[in-house]
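Just below is one structure, and these are the notes that go with it.
Chain naming follows the written order as A, B, C and D, and within any one chain the residues start at number 1.
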Amino acid sequence: MGLMEKFFGLSWGIHPKDHKRPAADAVTRIMPAPERLYVSLAQHLGAPALPSVLVGQRVKKGDLLANPQGSVSAAIHAPTSGVVAAIGEIPAPHPSGLPVLAVTLAADGLDEWSEALEATPDPFALAPDEISRRVAAAGVVGMGGATFPSALKLASSRKAGVTTLIMNGGECEPYLSCDDRLMRDEADAIIDGIRLMLYATGASAAIVGIENNKPEAIAAMQAAAQAYSEVSVRSIPARYPMGSEKQLVQTLTGKEIPAGSLPAEVGVVVHNVGTAKAVRAAARYGQPLVSRLLTVNGGAVKHPGNIVVPIGALVEDVLAFAGGFSATPGRLVMGGPMMGMSLPHARVPVVKGSSGILALAGAELADREEGACIRCGSCVRACPMGLLPLEMARHIQGDDLKGAVKLGLKDCIACGCCAYVCQSHIPLVQYFAYAKGTLAAEDRAKLHADATKKLALARGERLAQEAREKAEVAARRKAEREAAKLAEAAAKTATAATVKTVETEGAPA
Amino acid sequence: MSAADYTDYQAARAFASPHAHGGGEVRRTMFLVLTALVPATLFGFWLYGWPAFFLWLMTLISVLLFEFMSLRLMGQKNAGRALGDGSALLTGWLLAMTLPPWSPWWVGVLGAFIAIVIGKQVFGGLGQNVFNPAMVARVALLISFPLQLTAWVTPLPLTPLTAPGFIESLHITLGQTPVPDAITSASLLGYAKTELSRGIELAQALTTSHAPQLSWLGARAGSLGESSALLILAGGIFLLITGVIRGYAPLGVLAGALIPAFIAHSIAPESYLDARSHLLSGALMLGAFFIATDYVTSPTTGAGQLVFGLGVGLMTWIIRTLGGYPEGVAFAILLMNALTPIIDRVIKPRILGRTWSGRPIVSADAGKEA
Amino acid sequence: MSELLLLLISTALVNNVVLIKFLGLCPIMGVSRSLDSAIGMGMATTFVLTLAAAASWMLEHWLLMSLGLGFLRILTFILAIASVVQFTEMFIKKTSPGLYQSLGIYLPLITTNCAVLGVALLNVQQGYGLFWSIAYAFGSAVGFTLVLMIFAGLRERIALVKVPAAFSGAPIAFITISLLALAFMGFSGLNIQEQ
Amino acid sequence: MLVAISSLTILGAAFGLILGIAGRFLAVEADANVAEIEALMPGTNCGQCGFPGCSGAAAAIAAGEAALTCCAPGGKAVAVALAEKLGVSLDLSGVANEGPKVAGVAEDLCIGCCRCIKSCPTDAILGAPKQIHNVLKEACTGCAACVEHCPTEALLLHPVPVTLPHWVMPRPAAAF
């Protein structure tokens, strides 16, 4: 940091203490499947998957458990071989601890792969859309944490004519090192995956951006990418939130993504390096996404490190495998400390988007009572989006959510920089999450009200119609009755006449 | 602990991210600002003797007292802890530094009341006030008691025998002994103003033997903290280096006051003081580094702070040169405090992906797809 | 030209109609909840003040003085002011319904804004010519608008602040404006003409 | 005296004339915002406000005869929207904001009388005579019209259950 930068505070973002080592340097461990696995049906962005197995059914590792449902969704596969023990609700890996639908698998311990995997010796011989189809069949989602179905992103990038593929190796979150570890261990596989993604999207070049606090990963990736001119590996300054899509694209390409648009607007698409590996496994070997590398770290963890964990393993099993606690944790977090979710307890499953499990000791949390804002402006300087967090929070505190939206609440990426630097310990992100959630609920209520308004209108029309019909029927009846009466009267007169005639006729007789 | 102890973990509620904190504390910030004030204050004690120390002590004690009482009145349970954030202490300290050092005790107490109760607590306490409390008190005192608030004394360091002793100083602070005329002295700004109004040109007025002198170190008539420009500057640089303040507001204040002073002096040296006199007189340096940088009452963006500082500097120069008061920093700060909400509303950072007016930017590549 | 500028500065800042003369406090308190409506109110008042000053000058010099009806001064001035306000109200209602709604009752109440009558009467007192009367009125109106805007900005901020219950609402507004008046006293004795 | 009276009269007449002419040019037709207000109402005509349907309530609100908070199913949201539309400040302290509710049928109490079905403004209740009725949660507005019509108190309002995608981060409990 230069003197001018220090005196005038010119840069966005923050430089948190990264806590990445020694976990990043520990050898990767592989966790065997525990006895029971709880595979959530909603572990991707979009609609939950629809189960395609029955309770009691025997499945092998990689067999389909649930089909995607709707336009944005992803398939889910068995992480090991065993028997489907239940399909029901389990606590979700989410701060609320609310239930989520899941397939419970009793592992048989054999860990047998399914025979139905479609392997291809040369995936580059396939059509690009076929690669997307295989990625979709393998249930690959974004491994950075956003969990957007990757196949959809590949296909839509191709349609949008994306020219540059940005590979996110930033891993700017403190504590996490799974991407770092993956790049060190499997650089060749990642580069192969990147080339497959280039092929599938039709982009001409890929840039891998890696923060300069991971020199080993940069070296490994550069060595692996040497043979391919279309893939370049770039070192970027370590700064949080460098791994955020908008910030990464701007740093690597100088292009600014317009608000409310996808990166495709400026001709780029961003994928995580972990996704590249999953894409390769899907395209080359037909292997679905059934396990992932994640970081177990935090002050309360005895042996921090990176572990390959089957999807659906309980956090408590993972922590036990990692070696347990060295102290009672103050908080369990899934993901990084800046944007990760606090867990209500350890009996929640690992999902495809879990990049880390942190057991933070009380001292690391620095929890304090919220104080009054002293308008120091640290949050304004830290905000990577150029927002005014203090003003937004002030409006939300005063129940003026619309005022907060006017200040740019919808542009907030919830990176947590503002709350991290806040001297008064104001939970700014919580204010924004509360406001966004409340506004979304209001929008839903409005949609609901519009729908019910239509129903009420339809009912009104129907009642009017019924009344009209009733009136018509009544009128018709009346008319008929009158007609009948008339006819009767006419008949009477006629008979009378006839009688008369008869009488008259008969009289002479 | 064994691996099985994870079951002990029980989260009481949903915690929002982030789960880490940078470690910044209001208390630490306030402590750093107080530290930065120490050298200038100690020098002031040496320069003006015991009365200055008594006034300073009186102000600080009453500030803490009023803050404590206000917090209790507002139903704050742990008022003692809230007191520990140091904000009231800083307000009192800054106020004491702008008062004439030999003022009677009630000046300090009344100032503390105005600063804490009217300037800060009625708005809701820390962070809620719109005007700088110390400057509110300073201006209110100046308007109410112009005589006491302009009774500057020539420096009488503790060491020489002519300086008042401990007991004698107590009498001065308690207001029982009036400050002898022989040792009162006008500040340079006041002197220049008086002489100009008498029709005497500056060049002539400033060369006479009884004209107040200037020095960077601050051996001149003035208030506790205003005297030593050098030590105040050192404190300011300390705050810049520790990252407590940023350079925008101080730069703005100095530029806003010195540029017009320099221009006016170049054009008509007989009626306008030079930039150096402005820099080393009165509270300009203190205002630039310690008061214009007050978080609560100044804009939050860098550009806003620059505008704020320029406004303070310019107003100071205008009031000093053209106004009825010899010193204008306090008024200038209050005036710009009043404009701060408007500055904050007009000057905002640009949101990433949006134009300055808030519409999404149009990307250069957008046309290509069509 | 410079004289005109000095008159404007002196009326707008040094002898500010609100903070130094304490005229027109009713709209200052009433329409300062949001900056946008404050700007609208400021503009409306500027229009009324300037026009009313011109009209009252004409009435004073061409009617009252020539007929010796000085005792009718206040009555006629109020008549002129009321008419101008009525016209302004119609105009705003036509051109900017939103502003009309946000100003509400305070728009017709410009009639009773003592700053308007006060400035017209001060003009007579000081014996300005027509042009200077208008300049004086305009300067006062600018001062009024300035204070209204500053005060609205401050109140927008205070609205989001946890003011103790005893002080919330009008009390804190009065305290704030008193502190603002304190700040404006810095301009007192601003001796521009002489230098 | 005469001069004074006549000059004031003439003056008044002159100003009146000017204003009259101006009034002709600047005339504004009174805006009919009843329709706009009605657009903000839930539109289910449940009648809980005591007016004949939402249009009646909208007319009453426009005329200033009804409180902005009169709409029970709309709750706080509608009151705030109305206040914004009409540009008035609103005292929300009297509005109970318990969150959205839906009706539910207690199956052991329902006798299948069909009275609730007829009362529902959005056709959200399904059922046939002598059959246990059921509420379509998606169509229910929580207006409570059916609750009054149920002879066995089988219909009750329940808060809408919170689900994972609809969970909202709670507001921080400000400590200061």
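The rule is simple: contacts are C-beta pairs under 8 Å (C-beta built on N, C-alpha and C of every residue); 3 or more make two chains touch, one makes a residue touch a chain.
Predicted model only: the values in this text are computed from it and were never measured.
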Between B-D and A-D, name the chain pair that shares the greater number of C-beta pairs in contact. A-D
Cα centroid separation, subunit B vs subunit D, in Å, comes to 53
Roughly how far is subunit A from subunit D, centre to centre by C-alpha average, rounded to an integer in Å? 36
Taking each chain's centre as the mean of its CA atoms, how far is subunit B from subunit C in angstrom? 33
Quick check: how many Å separate the C-alpha centres of subunit A and subunit C? 57
Any chance you could list the residues of subunit B touching two or more other chains? 14, 16, 124-125, 128
Where subunit A touches two or more other chains, by residue: 95-96, 371-372, 397, 427, 430, 433
Give me the residue numbers in subunit C that touch at least two other chains, ranges are fine. 161-162
Are the chains arranged, by touching, as a line, ring, star, complete graph, or other? complete
If we count contacts the way the header does, which residues on subunit D are in touch with subunit C in the complex? 3-4, 7-8, 11-12, 15, 18-19, 22-23, 26-28, 31, 87, 176
Touch list for subunit C against partner subunit A, complex: 159-161
What does subunit D use to touch subunit B in their complex? 169-170, 172, 176
Touching subunit B in the complex, subunit A uses residues 6-10, 14, 16, 95-97, 160-161, 174, 246-247, 250, 255-261, 265-267, 302, 316, 319-320, 323-329, 331-333, 337-346, 358-360, 364-368, 371-378, 380, 383-388, 390-391, 408, 411, 414, 416, 419-425, 427, 429-430, 433
Would you pull the subunit B residues touching subunit D in the complex into a rising list? 13-14, 16, 125
